[in-house]
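As structure tokens, the structure follows; a few thoughts come after it.
Chain IDs A, B, C, D, E and F follow the sequence of writing; residue 1 opens each chain.
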Amino acid sequence: MTTPKRTLKATHITMAHGAGGKAMRDLIEDVFVGSFDNSHLNALEDQARIDLAELQRDGNRIAFTTDGYVVDPIEFLGGNIGALAVNGTVNDLAVSGAIPKYLSCSMILEEGLEVAQLRRIVDSMRAAADAAGVAIVTGDTKVVPKGKGDKIFISTTGIGVIPEGIEISASRVKPGDKVIVNGWVGDHGAAILNARGDLALDVELHTDCQPLHELMQVMLKACPDLHAVRDASRGGVATVVNEFAETSGVAIRLYENAVPVRTEVRGVCEILGLDALYFANEGKLVAVVPAADADAVLAAMQAHPAGKEAAIIGEAYEGVAGRVVVQTGFGGERILDMLVGEQLPRIC
Amino acid sequence: MTTPKRTLKATHITMAHGAGGKAMRDLIEDVFVGSFDNSHLNALEDQARIDLAELQRDGNRIAFTTDGYVVDPIEFLGGNIGALAVNGTVNDLAVSGAIPKYLSCSMILEEGLEVAQLRRIVDSMRAAADAAGVAIVTGDTKVVPKGKGDKIFISTTGIGVIPEGIEISASRVKPGDKVIVNGWVGDHGAAILNARGDLALDVELHTDCQPLHELMQVMLKACPDLHAVRDASRGGVATVVNEFAETSGVAIRLYENAVPVRTEVRGVCEILGLDALYFANEGKLVAVVPAADADAVLAAMQAHPAGKEAAIIGEAYEGVAGRVVVQTGFGGERILDMLVGEQLPRIC
Amino acid sequence: MCLGIPGQIIAIVDAQEQAGLVNVSGVKREVNLACVAPEDGDWNVLVGRWTLVHVGFAMSLIDEEEAQRTLEILAELGELQEELAAMTNTDTGQVSP
Amino acid sequence: MCLGIPGQIIAIVDAQEQAGLVNVSGVKREVNLACVAPEDGDWNVLVGRWTLVHVGFAMSLIDEEEAQRTLEILAELGELQEELAAMTNTDTGQVSP
Amino acid sequence: MKFVDEFRDPEMAKNALDRIHALVKEIPKAQQQPLQIMEVCGGHTHSIFRYGLEELLPKEIELVHGPGCPVCVLPMGRVDDCVAIAEQPDVIFTTFGDAMRVPGSKKSLQDAKAAGCDVRMVYSPMDALNIARQHPDKRVVFFGLGFETTMPSTALTIKQAEKEGIENFYLFCNHVTIIPTIKAILDSPDMYIDGFLGPGHVSMVIGEAPYRFIAASYQRPLIIAGFEPLDVLQSLVMLLEQLRDGKAEIENQYKRIVPDGGNHAALKAVGEIFELREFFEWRGLGSIDHSGVQIKAAYARFDAEREFALPNVNIADPKSCQCGEVLKGVIKPWQCKVFGKQCTPETPLGALMVSTEGACSAYYSYGKINHQQLDR
Amino acid sequence: MKFVDEFRDPEMAKNALDRIHALVKEIPKAQQQPLQIMEVCGGHTHSIFRYGLEELLPKEIELVHGPGCPVCVLPMGRVDDCVAIAEQPDVIFTTFGDAMRVPGSKKSLQDAKAAGCDVRMVYSPMDALNIARQHPDKRVVFFGLGFETTMPSTALTIKQAEKEGIENFYLFCNHVTIIPTIKAILDSPDMYIDGFLGPGHVSMVIGEAPYRFIAASYQRPLIIAGFEPLDVLQSLVMLLEQLRDGKAEIENQYKRIVPDGGNHAALKAVGEIFELREFFEWRGLGSIDHSGVQIKAAYARFDAEREFALPNVNIADPKSCQCGEVLKGVIKPWQCKVFGKQCTPETPLGALMVSTEGACSAYYSYGKINHQQLDR
């Protein structure tokens, strides 16, 4: 480029920052390109261009996934919406066995957003991208009028490469398979409830937001034939397990006492009458593995920082197709259905 | 899948439709999967999986692009936000010379959105995708509380394949090159201003929303060495031409009288004191071609329905790098800068 | 100051409220007609008339004859100038820019 | 009905407003102490006490001795049951499910 | 968690269960037909299903799920009133999360929120009052709901509003009282209950005395019971022992929380703010005399029923809905004609399918799996 | 477009330009130093740059861009008042788009909007009144801005509000009058203007008479000029002919729009609602006597200045800013110390850099390219 790099002087986002003109260029070049900084993005073309030959070195299929991030508040203990947006999409790639490669990022900013806060979020995205070994190579920014958005929404889309021979699918769960989770369940959901402040709770709870691509590779090494893996984000572990049971046409039993839940998360659940199995996680996956490999996979996971507290929490069995039950400490069972409506705090 | 396809009975979107549970499954399976309907999406995995070998048949590079769509109102004469979201991303792929292949779609819905309206929008997306020969293979849906969004925001991300040998770039404009636009300028911007209703104007103006991938292939046939092409969406023709001049370090002159502007669009501009060169378009591209090929490209464009009113509207020249001027009918010149702030209707 | 644009009055929307509809290049907008109110109260005489529109008000009825006269003067200016230029060129060889 | 959960009073936030802070499993929340107000007005005696919290109100101070007693009864129940079971088994060979 | 985990101990539970299995054998009547034991309180219903207790109990015990879920017994017309209030443009309507999804005749509060009403979930009525403080330009209405357990908190919140002179806070009072309801059940000709598990948290407020008529006049035993699984099991043991011994007494299993005399401060606050209504409409049960409370005249300015013109129409429940019979224990949830068909947690016809304390919802979600012959 | 396209004809423009080039040769004074011709009205400034006319004019003509842009002359303190009104929680502040970006001492209206104030752009004051009708619970304030052209529309809107009995509509009146301003320029010791292009649309309201003192007392010619390029060029021809002939008359080039007597109905409405202020503060020009109007006592209830407690502080322009000198024509925009450096359309220090009618913005965006030695 022939002109010097632009700088953004504004302290708050205005409609002009989405209008296509100079203010928008300042925003894009200073904040986004300035932080993400890679040759694809720096070219400021309407599209990144990626060599197919390069992708083919890692596998024979692309994994392609997208997620929108609308969390409120946008900053909280242990992370912010930017870190979520990168790790979330990295994880949706990773759980297919793919090696995450490239991300795109579509930002919808609300007029009035503080630029300093935006910079913090963008810097977190960069840091998360670096940690996951991905580059944010193309993007878009829109500004909506005050009151027509909620500070910032981010949609990230990811491309990864799936190595040949890996076939992870929600449809491959077999009776006898073991269900493994890589650690504490529900931290993120409880941390957000707390951070939101409506319920005036006060607890030192961090989001569990973390990338899972390395952990996945470790698991694949222990068992190349992982049957099903999904990150337990919105809807929590209960939802993923239900999806598995339904898609594979099996029944799944969770052992309530085996599910790792932090004391503080239990506290939040008891106070509000909620169930941590439905809480969102941002760094947790649920894997279904052949029973014979379960211990090896578990050991491999526990040896990795992202899986230290991993636990076998259940098993698939031949039963009513799609049914998930929880075995309580007393040997009783209850159905763990998919969430109906939202989880609402209750008093009775 | 072992269970029957779900149906969405709700008439309006509630928070439950974004909560990860049954209501969300109903929404996704009935509305999105029901309409987009392709094997990648139907698998309901967290990521689509695309064979690299298949992509390689069409070229040696992937084009990868994303855009967010936040238009208000979401339905207007000639289209809706769904058609924009597909065509916009198809066009961002197409202008690189790529053959558009796959789209992802991240929806952010506002609580209270009418389901019937959502279905219309989704059906438009499907129709636009079919017309452009792309499949929407992965997606995500979030719901934000009433008043924290604006009915619907859509972020689409596209993957296309660029045939070997094509090198279209904003940096390749050379003095002497001709600037071509494929038709009426400013229709979309004026149509939206009108549809919004704040200004109480009433004019029969349709968006120009259309896919440009075929037109691009026609143009490439007439001139495989197109220098620069960009769709003139937000910020309009003025912005694209400024980007070209700046990135290539040349000056560009537009001939004011040569720019095709509909009478009604002129009317809107005159009433509100606005400039159609800054109005958004959703089916217009600006191409910079070697002078020797300009007539051939123009003729090829005019022979295609998406380029019937194409016109040569300017030329690049050796001048102050990055400067764009408009030659008025009297031979006078004025600078056509990038937009500062938003275009605001003015009375003086 | 004061952006104003000619438009044609195409309908009286509400005589009571002095509201009319103008058409500017195919764009319709309701305007207030109070400043161009006909003396005899017969609003219909305005339909078809051209007016200068400013901030949603019809501010002046356009005098079509005067418009024509102005254009004629401009045309004459051209003729006059051509004659003068011919003379000047003969005199000094100077060309106007 | 009426979700209630034991928490420990860890501070008096504002005696005037009868506001205290309870800790439930590491989660702190301000609660109203009016229903467990000490008779002599010395709020500090509440600090350290366990209370049943319902909709942000401390509704009852937990009687730790009674809690202990209940657990003892439950334990005895176990012993008693084992004895009985032993007898029953001997008698009829029936096993409890 | 102290005072929680001890009462969820599986080993002890096994002992208690063994004891229960042994005890029923000693009750001759139970050998003819199952004992009908009503847990009055929805909290017990929830615990029973949450911990899978029902399927561990002997077949000689049939649990009857009582009317003690304030959300479940809310008549449709009252939800319509809530919606009508919430639809006022200057109103912030605050409610416990439980009530959000209860169907009115046209809309639930959740639907009203989606349609643009400012409906907010709160954890405490004090949080609602705080919203009133923060929005002096709005009328903030709190949807007061619940039995005696919740009444004191609402009463104390009104007293606080009075003390601070807050003028934009209103209570839409739907508090109900438990005693007349138990009496109505005991007087009902179409059912027979052998004994009761009494509501632990209501009792912590009202104490033991109000239940005495059950033993004295109706010769039925009642055990004031806590909500942890061991509490429930121990209470059953106590109840079975009475039945075995032919006794009918009021006993307190939940002594750690429930003082014999109840909570004086709480009752005082309730008495200051509320007075009995002549009658109150219950979903499925019809009108029950003196079963609800209203705000006293001295606090009328906080009364949403006076502030707002309410439709207050008596809306009949949908014909197909058998909530009343379930609430009275006449039929089991799964015997309702629409259970699991038209009526599911996703599309509840009755409130019993909404609250996780509702018997229908509990059966649908947690139910003894073998009971459910439903294809879902 | 009828009445537009004819007056943009390039061929005719070429003729008019040739005539202008010929005429200046006939004016001896112009051979010594350029003629100083002021277009009073920002609309002319805009046309001149929009159509690239300036660079087509002979060097013997120097255009001086006058103070006739109501946005440009708005003092900072007035913008602060706007923001103070907009910041009231129950206010919807309505304005023409032009005023959105004018800097106040802390915030522009656009900044206030971004910070959450309900600031809305309207095309017409009648649209603002309509918003008041739709939001009876809000106070809707219209930011009245402009010279005599715009005054009648505001006056008629107030009359309409009165007629309908609308009680939540207010005018923040910042209308200014052109004649005292021209007089102030003529009286200014540091400048000399040879002739004026008069404001066409102001004249359509006030007519020809008010300008007569310019010819009579100051011996300067003034041509009431239209805004299309041919209007401007023809007006210049008329002006140059007067200067060549040593005349000083008021002429009307814009007869199709401007009746000699102005618009009676418009003036009547203005007279009914407004009265002259003793003085009004102009950005860069200081206070000018009788140069603004205010709402008459009979309509005081529509007056935002009475309804709202306004800071109304006299804020000095930034020291580095030379807007006043540019407005008076003492310096050219590009001679301002901060032009194109600290002061750009993206970061305007003065209002002249905001409005596309502002001379600085016009030069920056459309300026004779050769004038600009700026590195941007």
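Definition applied: a residue touches a chain if its C-beta (ideal position, glycine included) is under 8 Å from a C-beta of that chain, and two chains touch if they have at least 3 such contacts.
Model, not experiment: these values are computed from the prediction.
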Chain-contact steps, minimal, separating subunit D from subunit C: 3
Partner chains that subunit A and subunit C have in common: B, F
For subunit C and subunit E, chains touching each: B, F
From subunit D, the most remote chain by mean C-alpha position: C
Chain pair with the greatest number of C-beta contact pairs: A-B
Between subunit F and subunit A, distance of the C-alpha-averaged centres to the nearest whole Å: 56
Computed distance of Cα centres, subunit F from subunit B, in Å: 38
Rounded Å distance between subunit E and subunit F, as computed from the means of their C-alpha atoms: 71
Multi-chain contact residues (two or more partners), subunit D: 1-3, 5, 24-25, 29, 54-56
Overlap residues in subunit E, where contacts from two or more other chains coincide: 1, 4, 17, 42-43, 56, 69-70, 96, 110, 123-124, 127, 146, 150, 346, 357
Residue list for subunit B, restricted to those that touch at least two other chains: 14-16, 22-23, 147, 199-200, 263, 266-267, 270-271, 273, 337, 340-341, 346-348
Listing of all chain pairs that touch each other, if any do: A-B, A-D, A-E, A-F, B-C, B-E, B-F, C-F, D-E, E-F
Complex contacts: residues of subunit A adjacent to subunit F: 9, 12-16, 22-23, 26, 111-112, 145-147
Contacting residues of subunit D [partner subunit A, same complex]: 1-3, 5, 24-30, 53-56
Subunit F residues within the subunit B interface of the complex: 1, 4, 8, 10, 13-14, 17, 42-43, 49-56, 69-71, 96-98, 100-101, 110, 120-124, 127, 146, 150, 229, 344-346, 355-357, 365-367, 369
Parts of subunit E lying in touch with subunit B, wherever the complex brings them together: 110-111, 113-116, 346-347
Of all residues in subunit B, those that touch subunit C in their complex: 194, 199-204, 263-264, 266-268, 270-271, 273, 346-348
